[in-house]
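Notes to accompany the following structure.
Note that the chains take the letters A, B and C in the order they are written out, and that residue 1 is the start of every chain.
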């Protein structure tokens, strides 16, 4: 492996971590800019990775289209049709009809993203954005651990 | 980027790897403590990431609620209802009626987790746990590669 | 943490990044060898991680069985049956009947893989492979950012 522009060996490696909070009502939303505003540290990373880890089991983080809002409406409608609230066979309904369905949606969509960083920016596609989905009816504060690692 | 408590530049960076084995009958189980017992090395990491990589295509690792066992029962029932064994149109059934369904469940739930480490502990939510799902009827040994990286 | 064969502290750490292109018609395909051919740099990594990040929202990267092609046929049929093209309730259909369904499939299957590297090779199971799924009818060039980090 050469120490060229694509490869950095044993230069300054950094690990950076920060907790941020997101809050939305039920639905899916593009939050790329809201996250980037919180982590100006990313601009110093030449080659690296960013992990976003949502500390909750009834909301999700995904990557999907950030341009046409209809994509997120279709996505949310698909979830509601195929993982409906209030199925008679759900056992976990302590916190209401949207309780079990939220955990199942979370298991499918996940809680964590790993995004490459190149020359101080997220290296994502033109139409890609970071999407936050709130599955509960009640809006609440959702914590995300941001971990950045890379060469500076 | 300052070299403060949230950010460590060019201090001692460690990469650690270990293979562990999990074995359960069909269903979903919280295995957070079982995994942590195998990797005391995590206690020395100040800021880092842990990757768990399951080396199999008919079982899964996810993060979901660790408190109420009913969540995992609902989750497993949802999978069995929506990705049923023994569909007439499955081609891959060499190893039985649970063969194709197991691979499809694995494609949806995935095989790999990335969890932030902060001050020697997994930085997960109060109600989150590492969940192992066995999709085959037959219990067998399932290998997980643990990779820890971070500043010590 | 000891500086034994499983753990490397503050030796030479490398971050390497490269963009590669994959192109297939609609369906799911094993692409492990095609990717490895593009990144001979992996052979120098003792302990590390590889991230593959697909820069598109209507195709996916997953890990699944690489041996029996019927597994991928069943997987693809399951997707087409359960996330059908051309539902009357889809709003996002600017680019055809396969537009909304592709984004929904992508949300479920994801865009990114994290694979452990051990002694210069991907540390995956015997039957595991990297699978690329194209969800659009039209074949097009799909970019993948490869990020390798680890001890050399």
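Things to note:
Note that in this section a contact is a pair of C-beta atoms (placed from the backbone, for glycine too) under 8 Å apart; a residue touches a chain by one contact, two chains touch by 3 or more.
Keep in mind the model is a prediction, meaning the values are calculated, not measured.
Because chain A and chain B share one sequence, their contact can be compared position by position; here under half of the interface residue numbers appear on both sides. Rotation relating chain B to chain C, from a C-alpha superposition: 120°, rounded in steps of 5. With centres defined as mean CA coordinates, chain B is found 18 Å away from chain A.
Listed for chain B are residues 13, 82, 108, 110, 114, 149, each touching two or more other chains. Chain A meets chain C in the complex at residues 1, 6-10, 13, 46-49, 62-65, 68, 70-71, 73-75, 77-78, 82, 108-110, 113-116, 118, 123-128, 149-151. Within the complex formed with chain B, the residues of chain A that make contact are 12-18, 41, 44, 51, 53, 55-57, 82-83, 89-92, 94, 100, 103-104, 106-108, 110-112, 114, 143, 145, 147, 149, 152.
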